[in-house]
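In structure tokens below, several structures.
Shared between the two complexes below is subunit A, which pairs with subunit B and subunit C, respectively.
After this line comes the complex of A and B, so read on.
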């Protein structure tokens, strides 16, 4: 039996729920749950038109759309430096990176759409301040060295977070993440290179690099989310094979990688408590200010208002482009129809 | 090819297929919104081939794709079940015979 459906937008399974008797609906749910459980047990993938528990859909929708918003808002701290990049080469690199972030946002909006949420609704929620995005993008990028620190630490943390998401149980999310991860490693390397050049430059440049590392260290570590004992949704996400490692596990692993890399930079991390615990074989770090994290997440960070204002402005300023594209498409369609009717 | 532009600001969804190099098939890369096929192709180029990932792109209106019903997995794909003899591995007596 073949049915006409959209590939990227899930159709309600036919017949629709309201057309079924309560008994039939319950039976379909039970069958769907059994199949879903089997997919989870086999560590296989769920695709958009499969039955899924409403909470699974809701969790994914929230996570993927927040992720998409983060990519879109994440363009701002760096776009801010394009016109002030120190060379044409750095400018071209930064533009390519910001363009990638836009692309990542679009891959992720596409993945979220397959769960049944229209894209314009997601974008509206972002502009209305109803949707969350990564708190890291509410910090300002004060100097050119911040471009280095963002690439090395923020993109580095993002990669550590995203590589396991390539195996997320929801097919479209995993596929989007594979694409994102492939492109993300250039982001981290270009940031590392910016810091390396500064740290091997004049004493003032080295100091600028160190100060940027100091500024971004704690916010980057907090990108992994609250500590495990304060992360109520993590357990369910792990049971659903969306999340593969706990927040603390990924954070500790990331600290270990940074400790090695910072030596090459001949800089230091602003945390005297970092150590490798021989017993647990895990890296540990000093305390983080989780009150600040929650404040920024709640909209009271240094740049929250500015970021949203800029997003709204960009959307409004782009209105004429969207209108022109639609008008042009309409005109072409009319011309085509005239040609066809004349033939 | 053109599709009817939708009302309001919601543009139709296009599925994007990219041929990564000559001799290979077009493979589904993702989707995007665009008002018409020409814009869909341009957007697909910018979105899915920023690093020489493709030598050719197809865009297809998502609503033009017919797909099998996921609920009928069992019955729709039933016929090959139990027909192991369609695979070379079914024939074991020739094991060890060269070039077979």
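After this line comes the complex of A and C, so read on.
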């Protein structure tokens, strides 16, 4: 995901910097930095109350909230097929999967909140177009086979990206990722199973599966982010033990995994240049259209406007419900306080 | 959120929000369960389909028709509720409404698998290849989602009705109906809690939410009566000890919903009951659209498996 700078910056830890004397502020920073450096050197974990460099906080907040937004926006292409799922069992599985994604959004927003920004603000940034989410969800889910391709390829790429994040240096993020990854691996298997069933079904079903794989292949590979020589933030993230492997490393590893699995599916990947390089012992793939990637990222993909509008609409339609819940909670709290003061 | 996508689908209810995965690090979640129900020994739709195909569970004609009614109620509601996923007022409600939809879908699959045992049709044959007049759901279930208050009003009525029905069905002389009900009643108990909490929040929250809640009950209440009407089928089932007469659930329904409505400072709406007719295949204008969407893909590829 590309960096973006418009997102709201979180509050500073308490006591705020301006409440401290210059000497105390400097001492706190020096002690904090020393501890932080030690944690990085030992490859251990930073927790929310620990001192952290402002840039580390900002990077994590951006990454975790973008990840949360991706889960929430990512519900839409699949929710699109819940009502039309072709069997009741598939309908149930798909509902459970999209529900899981809402759950992932919740853990991730919670993890991001520990960095000092409320969920409401993150949601607002998303709806205002200030925060990004994974570009893959700006592509349409055209057929039922896309439910298979999204599960197998998009969730597969997400897992390849996210398993190393379970060891991220920021505790709440790493712990959230453990649970997310477990669920994602079931999602990938269910996607694989959908494609397997289709590829062994009627010729029309097999064609539907192949076309979905063709459509999602390149966007899935681009989920790992730009090539290493065009990824300015990666180096710092690796130094901070947030990112463990480079974009290209993860992408190549993923291509290798798919090459094995696509054989079982009896389908093909739409890339004649995939090969295992015996010298580097790495998988290689054909050229990707990075211009398209940047177009979609810039908001000019097939579904960008639709996805954001749907999120805004749900949020606006729910405003009166959230207000009611807050008002009710406040009234209950007042009643409770009255009871206690009377007692 | 479960140990497999299938388990998520089939245990449906509260099983699917339990952690159920080993070794989730030091978060203490590895052994935690979000609910009391373990998915491990729950009765799954597949178990019923298997028992039916082996001949160890075979419904009488009356039991099959009754299972069709309950299965259709749950299926149509699940289809309605599924629409909320990704559109709810809060993420927590995406999860909650999705969960209730999954529970209902699980119950539908069980009841339909059993109903199909009469003539060898599968749950999918029944869901995807029947026409509108062959569905046996009551009018309440197909009512449009409306705003969140309408969805909550509908869910409130459904949950209290289903709870009373399933509670009694657990002692049915038909052991399959009793088994399905035993699992379902625990899940529907949570649905009661969820909708009752929302009725209170909306009715006592803001002026706007109170007006919307009052309006929603006016929209939904005409469809309450149909749920409690006896007919020849329920008469025969009741005599056989296989199912309660719907009218026998009414007192408990009125009392328990009345307690919540009183706490919410709401009156039972003064509206005329709808004639209904869904149990005989006479549906509102809404059902055709719902079925068209639900069935389109399956009917595009008849005979295909998915």
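A few remarks follow.
The definition used in the following text is that the second predicted complex is superposed on the first by the 308 of 343 C-alpha atoms of A that agree within 3 Å, B and C clash if a C-alpha of one lies under 4 Å from a C-alpha of the other, contacts with A are read in each partner's own complex, and residues count from 1 in each chain.
Please note the rule applied: contacts are C-beta pairs under 8 Å (C-beta built on N, C-alpha and C of every residue); 3 or more make two chains touch, one makes a residue touch a chain.
For clarity, every value in this text was computed on a predicted model and none was experimentally measured.
Of the two partner chains, neither subunit B nor subunit C is touched by A:343. Once chain A of one complex is fitted onto chain A of the other, the partner contacts of A:328 extend to both subunit B and subunit C. In the superposed pair of complexes, A:113 makes contact with subunit B only, with no contact to subunit C. When the two complexes are overlaid on their common chain A, residue A:320 makes contact with subunit C while staying clear of subunit B. Legend: residue contacts after superposition of the two complexes on their common chain; A:98 is shown touching subunit C, with no touch to subunit B. Once the two complexes are laid over each other on the shared chain, residue contacts for A:72 go to subunit C alone; subunit B is not touched. After overlaying the two complexes on the shared chain, residue contacts for A:183 are found with subunit B and with subunit C alike.
More subunit A residues lie in contact with C than with the other chain of the pair subunit B and subunit C. Legend: residue contacts after superposition of the two complexes on their common chain; A:49 is shown touching subunit B, with no touch to subunit C.
By the document's definition of touching, neither partner reaches A:41: not subunit B, not subunit C.
Comparing the two interfaces of subunit A, the one with subunit B and the one with subunit C have residues 96, 99-100, 103, 106, 175, 179, 183, 322, 325-326, 328 in common. Within the complex formed with subunit C, the residues of subunit A that make contact are 72, 75-76, 79, 82-93, 95-100, 102-103, 105-106, 109, 144, 166, 175, 178-179, 182-183, 186-187, 189-190, 194, 197-198, 201-202, 204-205, 310, 313-314, 317-328, 331.
Interface residues of subunit C facing subunit A in the complex, by the touch rule stated above, are 1-6, 8-10, 12, 16, 19, 21, 24-27, 29, 45, 75, 78-79, 82-83, 85-95, 98-99, 101-102, 105-106, 108-109, 112, 123-124, 127-128, 147-148, 200-202, 204-206, 208-209, 212, 293-294, 296-298, 301, 303-306. Contact residues on subunit A toward subunit B in their complex (touch as defined above): 1-9, 13-14, 47, 49-51, 96, 99-100, 103, 106-107, 110, 113, 118-120, 175-176, 179, 183, 322, 325-326, 328-330, 332-333, 336. The residues of subunit B lying in touch with subunit A in their complex are 2, 4-5, 9-11, 13, 15, 28, 30-36, 38-39, 46-47, 50-51, 62-63, 65-72, 75-76.
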